[in-house]
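Shared between the two complexes below is subunit A, which pairs with subunit B and subunit C, respectively.
For the complex of A and B:
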């Protein structure tokens, strides 16, 4: 059964060859096979999840080498959720939102899945770097997939910033190796304690690793690439990136802080914990401020992600079981809501040529189903019950009150008000504003969505994503209980 | 022992290579951020990445260390960082290839490598 673990990475990475080879000559067969690979990946993810539920966490060392030098993989209650999220999102978006398929871009789609799945299941900090770069490269190229200068320039900047982040992470890995002589997460955990948490090497390694992943999470002040890249990409790509691109590195940050450095490190070096709180609060403030000032909805959503990731980092800094659960639930909740919202921006752009907040005026009457789903997703981002966003914020506030971190309580509550303000702007436009004259369907070149059935499938995705925010919200106690054994093992 | 070995040994012995690593990180990042030319930005990125590679290789060095071959006798340099950096070099080459492809596309459209000019030409 543990042989399923390497398959999780091998299937999409080898499968990426299929559209690259067949895409040009047999586009229909290539597309069907790609769907098959993505659905197969969902099956594998479910199988691993069931296996972990039945018999607990499992590890696998590729090639049967000793764990100290081998390439370890590990699946537990937390990583399987993110593996499943990656597989389901990639498959669902491919089937519903994605229409403008070519062989090479389908390959990138599969490589992105392979890289993110690798980040979720690896038990080795260097392999995490490699998977970070695999998913990064695929993301840069996907953003550039649309023709034109804006996409190429945004992708170029995304590449520069993303590579700096990944290279800083690699440097952090180097410091860890110099300090301990090992790269496996389990070995590092024991050896770092032996080296001493206040060793300059260890503290520097933590800072470099956090800054490196902070670029991928788009934490303030490293957030500038995100709105640029998400605003120029096609709707399917921006939905994929917004759902997974920062979520899985966010999971990696949680994993590294608690499984490698451990909460004892945060206790031993209070300055690091303060630094995390400051970065988290700054991201919440900057994300909220910029989100309020955007006219382009896709840029607004990108800054909303900056705010959400700030909350995740605050959860990591508080480092109690409730706070870490909050961080994980917020990651899942933001992913589901953003996927639906970015797919919806594609529907509005294609059908009405509307990309700005003002352009959304009156669309609630013309596209009631999409507008309703958008409102629900926004409610989850704001954090009102019964959505998953509420569950995440609730756990975070409870954790902050328990640790008497009153500043954090205030920040989380203020973030809700700010979120209400920017979400309210969009929802108010959708429902209360009069349409500015004709609302005839406008064909723009900006959508990347075909007409007819493809657009209806996109609406289905948006509605399912909105329902998912409510369903995961209602099941948030179960989700937290599912995370609990692993989270409590960390702390 | 050749002159190069002696020189490299002294440089590492006095930890000079770590100074070079720090300098290259600074130079690479400065060029990347400061230069208006997109190709030079990529060069800056490469210098930055190479600096990190140098850090790993320096950490693996030991005085009078040899290549870790089964037929040879020790002491050996640590082979693991070398293997890691071989992988990282491959990653770096892929990144450079994608970056250059994007710059080629921008150049085809605008006939310039200047970021300012491309931004101003944007519709």
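For the complex of A and C:
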């Protein structure tokens, strides 16, 4: 049991060799082994979750070195949820949506999982950078994996912006090290208080770290890479990135703000809090505005994520237990809904060649199950009960009212209407617009129509994701209670 | 009354929900599908009936949602609304079958499924034990009725649907804000007869804002002017939808939630102490008069009826706002009375459309000769809405007026009287032309004897004269029976108001709230 935490990272990293070695010559075996590794990862994640539930947070130092210099790992109630989310999503998407399984890209898939899992369980801000880069590089390459200039350009854009973000984060870590001489999260927490929260060094570090992660979260105005990357990637990759690519950095932001800098830092430097609110509100506004103007559904969904991440940041800025719970619930809710929606865009693109809002006209009749699931996922994004989106919004509004942050209350409530407007565009088109002429299946660049079973499995994924938004919503009290000990420990 | 844990409230919500997969499973066999709808509606009615008979208050605790207890509770107000909706669902199901078959409507499976979900949501609104539970079902009701509003799928229906969603979900956002404020101020959102303790003693500004948000939020479905715009537009929906949902379930969910807010969240005393009763009463009074005047100008029969609904819901809202025991009693009785009368009128309007293809009052001159039973039922229900004695509307309006007279602001009696006159002015020409009017083309000289009948909209052949038929062949019994039944029920409610459980339930509400 004691080696579960390092295994969480070691299994996908070492496993990434398998497709690289076997992929070209023994594709079937390679694919099966990859599935095995991903399923094993789910098992590990569950085991860690159970262990944390039974005996509380677990820590591990690689090689038995002292925590100050060693690679520390730590899993608590919050991080295990994200570890499990990463493992389940990666495995489910690989089995259901992924069709292009050639060696190198499967390795990237596993590296992406390793990087994100590492972000979730690391107890060290420098290692967090390393894992951020591992997942980032894998993501750039996965986007570039689709042939064509558009993919190459989008991946290059993503690479440039992502690298700048990671570099800013690293700079921030450097400042932290200069200020305190340590990189472990627990040590930093104590030492930062000793250095003084209003020290320019600490404030600068916070700004750099936040901006760096803000790129990964695609907060306004650092969001431009996201719609490009998600719109050109293959459906499986865009579903994977949309589910996890910003969610886990979002978790990292929560972790860094409350576990390293702590809420006292936010209290000591009110300007930082104001800045977070402004960025959050701007992201909500910009995300909603751009989402309304998109014709490509995948770009629309990317901007919807910008809006959702804005809400998360608002939750972080309010920094009460209810608000942090809201941020975490919104992260999970957005991930589940977006995973299903991006997988659904793949179904529509492959079966009907439809990628735009107008192209979706009348597809509710031809693909009733997928369209129904899409509607449910959109309802969650809008934030109507009983979905998880509503639960997150509810906690956020309660927290904002409790803190008497009226502007935030208004913004969060109005975001519902903006989300409704963009979601309504798509859903109304799905069901009500007369289909333009023939609706025979059209083969598009995504490959032929022969991928019947894969398509069916994709629909299963979409439906399960939609159901999950409802089930997690119904279980939101339990989810919040699961987060509660950690969240209250932070505050 | 003591609380007993029971599954009955949950069953009332689940039975219509469970019908949905069965309706889809039977989509290729319409008769089986309609049997499912009928069986579910009867089962729901029986369930609610058992809950009404229970000597104790039945409660279904359902854990918690987003940190707030999620529970259904069958108190008197809940039972009154649920019984009404369940009863009329049975009647409307029969009518729907006749209506959809007669017009050979498309997407019938979607129609029946969405209808069942709407009823489930209405049951949830009725039985909700606190504001959050109510809100969940309130929003669900919006979503479930949307496919029914846009049923026709035309550009007009889509525009109506967009407007419907924007109004109702916009209102939902305001209501959510109000609910959160109440929760933060008092630490609870559970309905308490006479009001949640201490709400008036907290920050009064925030309490006032919470009240305004809740009234605006629920006022959208109540169709208070100026939040009423969606209702006349939503008449583009098939007539059974207009009848049950937009005269009973949806709008009354709004006014029911308003009643919960005034009587069970703020309480009559706090509402008036905070100075909130008078503005709400004034808004309601203005609504009933304005809608009455605007309604006079409507030639489209269903739109005219919609404005009448706007006006009548304001009767109820005014009774709730004045918050005297008699006025509240009258308001709850009027919820029932208006439901029976208005659904009769909509059923009649739908029957007229099925049989003649006419939608405009001006085209209905003399239609009473073609549809004597229907138009008689129409006239009786209309008389009830105007407030003639011997029909349900008189009883409820009497109590509303007495209640208003006993309130600190007896001037509101005038509003009821003016609104009554406006109803008379609206309905009298409709009834008069239906029975005594003549079409311009009724005089055969005006047309060449060999002129071919010309097709009007809908492909119906306009006849020079209304065809006369025997009473038994007036219309399909599936359409005619519900019209006659609901109109007869309206009369019975007027003759023997105390014989129905609604009376005792409304009394129980008053006792519970005012002690």
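As a working rule, the second predicted complex is superposed on the first by the 486 of 491 C-alpha atoms of A that agree within 3 Å, B and C clash if a C-alpha of one lies under 4 Å from a C-alpha of the other, contacts with A are read in each partner's own complex, and residues count from 1 in each chain.
In the analysis below, a residue touches a chain if its C-beta (ideal position, glycine included) is under 8 Å from a C-beta of that chain, and two chains touch if they have at least 3 such contacts.
On a predicted model such as this, the values are computed, not experimentally measured, just so you know.
Novice: Could you tell me if A:137 is touching subunit B, subunit C, both of them or neither one (first, second, both, neither)?
Specialist: The first partner, subunit B, only.
Novice: Report for A:428: first if it touches subunit B alone, second if subunit C alone, otherwise both or neither.
Specialist: second
Novice: Quick one: is A:397 in contact with subunit B, with subunit C, with both, or with neither? Answer first, second, both or neither.
Specialist: Once the two structures are laid over each other on A, A:397 reaches subunit C alone.
Novice: So, does A:150 touch the first partner subunit B, the second partner subunit C, both, or neither?
Specialist: first
Novice: First (subunit B), second (subunit C), both or neither: which does A:413 touch?
Specialist: second
Novice: From the superposed pair, tell me which subunit A residues show up as contacts to subunit B and also as contacts to subunit C.
Specialist: On subunit A, the subunit B and subunit C contacts do not overlap at all.
Novice: If you look only at subunit A, which of its residues touch subunit C in the complex?
Specialist: It comes out as residues 379, 382, 384-386, 390-391, 394-395, 397-398, 401-402, 409, 413-414, 416-417, 420, 424, 428, 431-432, 434, 473-474, 476-477, 480.
Novice: Considering only the defined contacts, which subunit C positions touch subunit A in the complex?
Specialist: Those in contact with subunit A are residues 63-67, 132, 135-136, 139-140, 143, 147, 150, 153, 158, 161-162, 165-166, 169-170, 172-174, 176-177, 180-181, 183-184.
Novice: If we count contacts the way the header does, which residues on subunit A are in touch with subunit B in the complex?
Specialist: Of all residues in subunit A, those touching subunit B are 69, 126, 129-130, 133, 137, 140-141, 144, 149-150, 152-153, 155-156, 159-160, 163-164, 167, 170-171, 174, 177-178.
Novice: Can you list the residues on subunit B that touch subunit A in the complex?
Specialist: Subunit B residues touching subunit A: 29, 32, 38, 41, 45, 48-49, 52, 55-56, 59, 80-81, 84, 87-88, 91, 94-95, 98-99, 102-103, 105-106, 109-110, 115, 118-119, 121-122.
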